[in-house]
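Here the structure is laid out as structure tokens; the discussion comes afterwards.
Lettered A, B, C and D in written order, each chain numbered from 1.
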Amino acid sequence: MENNKSNQKTTVKQKIWELVEATDHEDKPKKDLDYFDWFILILILLNAVAVILETVKSIDQRFGDYFLAFEIFSVIIFTIEYVTRIWACTSQPEYSHPVWGRIKFIFTPMAIIDLLAILPFYLAFTTLDLRFIRTLRIFRLLRLMKLMRYSSSISLFGKVLKNRKEELIVTASIVFVLMVLSASFMYFAEHQAQPEAFPDIPTSMWWSIVTLTTVGYGDVFPITTLGRIFAAVIAVLGIGMFALPTGILGASFVEELEKQRLELNAKKEKKKCKHCGELIE
Amino acid sequence: MENNKSNQKTTVKQKIWELVEATDHEDKPKKDLDYFDWFILILILLNAVAVILETVKSIDQRFGDYFLAFEIFSVIIFTIEYVTRIWACTSQPEYSHPVWGRIKFIFTPMAIIDLLAILPFYLAFTTLDLRFIRTLRIFRLLRLMKLMRYSSSISLFGKVLKNRKEELIVTASIVFVLMVLSASFMYFAEHQAQPEAFPDIPTSMWWSIVTLTTVGYGDVFPITTLGRIFAAVIAVLGIGMFALPTGILGASFVEELEKQRLELNAKKEKKKCKHCGELIE
Amino acid sequence: MENNKSNQKTTVKQKIWELVEATDHEDKPKKDLDYFDWFILILILLNAVAVILETVKSIDQRFGDYFLAFEIFSVIIFTIEYVTRIWACTSQPEYSHPVWGRIKFIFTPMAIIDLLAILPFYLAFTTLDLRFIRTLRIFRLLRLMKLMRYSSSISLFGKVLKNRKEELIVTASIVFVLMVLSASFMYFAEHQAQPEAFPDIPTSMWWSIVTLTTVGYGDVFPITTLGRIFAAVIAVLGIGMFALPTGILGASFVEELEKQRLELNAKKEKKKCKHCGELIE
Amino acid sequence: MENNKSNQKTTVKQKIWELVEATDHEDKPKKDLDYFDWFILILILLNAVAVILETVKSIDQRFGDYFLAFEIFSVIIFTIEYVTRIWACTSQPEYSHPVWGRIKFIFTPMAIIDLLAILPFYLAFTTLDLRFIRTLRIFRLLRLMKLMRYSSSISLFGKVLKNRKEELIVTASIVFVLMVLSASFMYFAEHQAQPEAFPDIPTSMWWSIVTLTTVGYGDVFPITTLGRIFAAVIAVLGIGMFALPTGILGASFVEELEKQRLELNAKKEKKKCKHCGELIE
């Protein structure tokens, strides 16, 4: 009710704010994206594609100018979007003060991401160091983070992480101790035989990770009998531990999505026994 | 009841239609396959075996003529089957018009698959380009898709995909973003050290896939310290994400099969409401 | 009651039968193994250890005579056990006929396994072909199958396989079709570039297995762009399918063990509400 | 009540005991660690970091003296901690005898771990053998085991292992038999073709482990057709079995954490029997 009431009083500034901001009044991603949202969404995805394709030499040599034009176009749009947001944010109660409200808004996570999306472009003008400019190009992929504004799956993901925080900390610390211990054991067993593959414990951790995740590139592996026995025991016991956080996250994810669906269904119809009319629990 | 009644009036055409069509009146795969169905089923499987064995040079040199004879025999059977279906489809209400009904039938998915199963053979006569003919041979494996007509497991699979559409889209998009981001990070970290393994981001995606699925062939892997740290973090976090769609699909598959079994049991003994004794739907 | 009664009338033959046979009256593995069972159990395990150690050249050269002596000793014991079983089986109602009953018993699975456990030893005398004798040695590991008589976990495993037969057939056939199709695709994509790694489709199946199980030795992998794209799609989609039977089996195994435990607990105490004395469902 | 009462009479010795001992009266890890506990906790973690970094040559050469100083400092603290515990343990009823109580305490697992944490340092003085001293250094990582005193996740883990003991034994023995059998099969198939990769069955077990855990380094793999067929069958069937203990552990872990949370919630609001309104335990 009150929402509708306050909507009636919306100024132009507030309407613009609602246009450029994809989140609704409760900070959840909007269900129905408007044309502007879709335009920005597709622009972000095209930017990601452009960054990826630019690294391919043959494509860059041929279409380099188009990429540059698209980059300038994107930065202009994103800059306008960013400036508009800063200008319009004062229409919201929490950022109402013309100076302090805007400064407060600038330091919200989404506003920082918006800044990071355009900053590399402007920074490139401040230097002549070509290597630095090249490095900046990759940072353009940070624009993908702007997608977070539109994604309900990421907000779901955050929820899962929060729900299972305790379990994840417990298993993550087990995983970490396991990684350190197995790296130390293998260093102890293999350092003499393969000083270049297991030169020290931090480097041996690479073996731990590659083995415990079952990736097994084959660039480092034990060759001594003791090392192989250690590796066998570590692999059999450790892979189970490494799979724990995954299993917990996965189970929780499915559960959370199930809950969302049930809530949706529950709203539509409460189940009743067809014959006596009583609610079935 | 009505079914039986309409069956009494079946013409020869309709009987032939029921013979060549493996699906029942409700478009579900028939439970009891007749002799004709089994013949086609085995012919399809033998075709797959033939295509596989033909690629073995020693077998092809010795039995090449037999393979050719079997291929011609198969195509004749499949062509007769296809033509018969087109002729007999007008016995069905939805394809009853002699011209438009048949055209409508030709564009149903199963009819297209039937055409694709025989087309490569006929296309081979239109050209003398041997390489093209060779390529066509592999397309004969598309005949395996004809099996879909007989398989209840594939229809189950489709059901699972439909039920979990939302979850799969959410996790698939996470997986995709993860793949792109990790490929970009590794390109950034390893491009200088291994320009031939990580020449650009699209090629680096091969590393992403091989690592995040934990296949780990060992053809591409990071060698710099930064790359290894990135790879370790990506592997530990990402493998869990990659396992999500798998876990969701698997859980849903088991659930769906369980439901089918319960439904079967439920038909035998029906549940009653504890309070009024009436059957609960 | 009736069991006890019939036990009172047991003859010597029946007592010997019960001694050598580890299964109880209901064909389940005995809960409490007697001294004879433990002796055979340990003898089987020592046999496995002996076969394994004999393949180590240095150990075989030094302790070869002891291994031979142990082998002769084992075969004598297993032969006595086998003959005793055949002699004593007539004490059981189902094998009571002195000739046909014994022949029937000889063809029971466990009796065949018992025969296979000793046959290689005697077969070795029938030939002077050393290579054949060497091959026979490995067949001694079949003695491990004699363990099935004592293992309740294997009987549990059989139960799980039977319960989930339908699911396993469905997923196994999906897995098989997937393997064949992915091998064919990769043959099509990589045959030109790597004729020795992908010479024909049957050999390409080795790549399919190694990839879809995520083992990824790195002996065969795609190098062309088309092959890598195929491999990426196959890996992402296929690994989930390959994990399905595993997931189903695992879930069913846990469930079955849980059921066994609940049944055990249910026997001990039926739960009641402590206050009103009513059973809590 | 009684606890509070006895706390009122605590002597200085008992207070010191409670300071150095991280476990509470019921042998569970304390919920609220005091400053001393945090100091020891961080000292243990820093020790692990120091051991790891010392193995990096460049760091060791530059900061070797600091590492030595830190080591001496740590040993002094841990020695004081250990001696204090032995002195103060007599304040506890179970170790009250001045001599036998202390000897009994010395042989408790946690006290043995405390001794192992400092012993390598003192043992180094007893010898001039540099290699032995180097080996002792790695044993300093055993200090990480001192963390067990503070970790509730490890106590949870122990609980899970105990709850699922039966399942784990069953699956572990299946896994072990599988490993032995697959190693024997591969030895049989590949010994002739690759005598250096599969010289005997114990060495072939390395292949079994690497394959069945899906690590697949690529250092050993079958090359013969028979070996590849064996490997394919073993991989498809065996990986599922190897994943069983992992799945069981994971499911149990999640379940146990869920139970702990429910217990926490249950304390807040207690369940009542629907029929008589009394609390259900």
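Structural remarks
The criterion applied here is as follows: contacts are C-beta pairs under 8 Å (C-beta built on N, C-alpha and C of every residue); 3 or more make two chains touch, one makes a residue touch a chain.
All values derive from a computational prediction rather than experimental measurement.
Comparing contact pairs by residue number, the interface of A-D is reproduced by C-D among C-D, A-C or B-D, since over half of the pairs coincide. Comparing the residue numbers each copy contributes, chain A and chain B share less than half of them at their mutual interface. With centres taken as mean Cα positions, chain B sits 33 Å from chain A.
Centre-to-centre separation between chain A and chain C, using Cα means, comes to 46 Å. Chain contacts: chain D has residues 214-218, 247, 251 touching two or more partner chains. Interface residues of chain D, counted against chain B in their complex, comprise 214-218.
Residues 48, 51-53, 55-57, 135, 138, 141, 144, 147, 153, 156-157, 175, 205-206, 209-210, 213-219, 242, 245-247, 249-251, 253-254, 257, 261, 273-276, 278, 280 of chain A are the ones that touch chain B when the two sit in their complex.
Within the complex formed with chain A, the residues of chain B that make contact are 166-167, 170-171, 173-174, 177, 180-181, 183-184, 187-188, 191, 199-202, 211, 214-218, 221, 228, 231-232, 235-236, 239-240, 243-244, 247-248, 251, 273, 275-276, 278-281.
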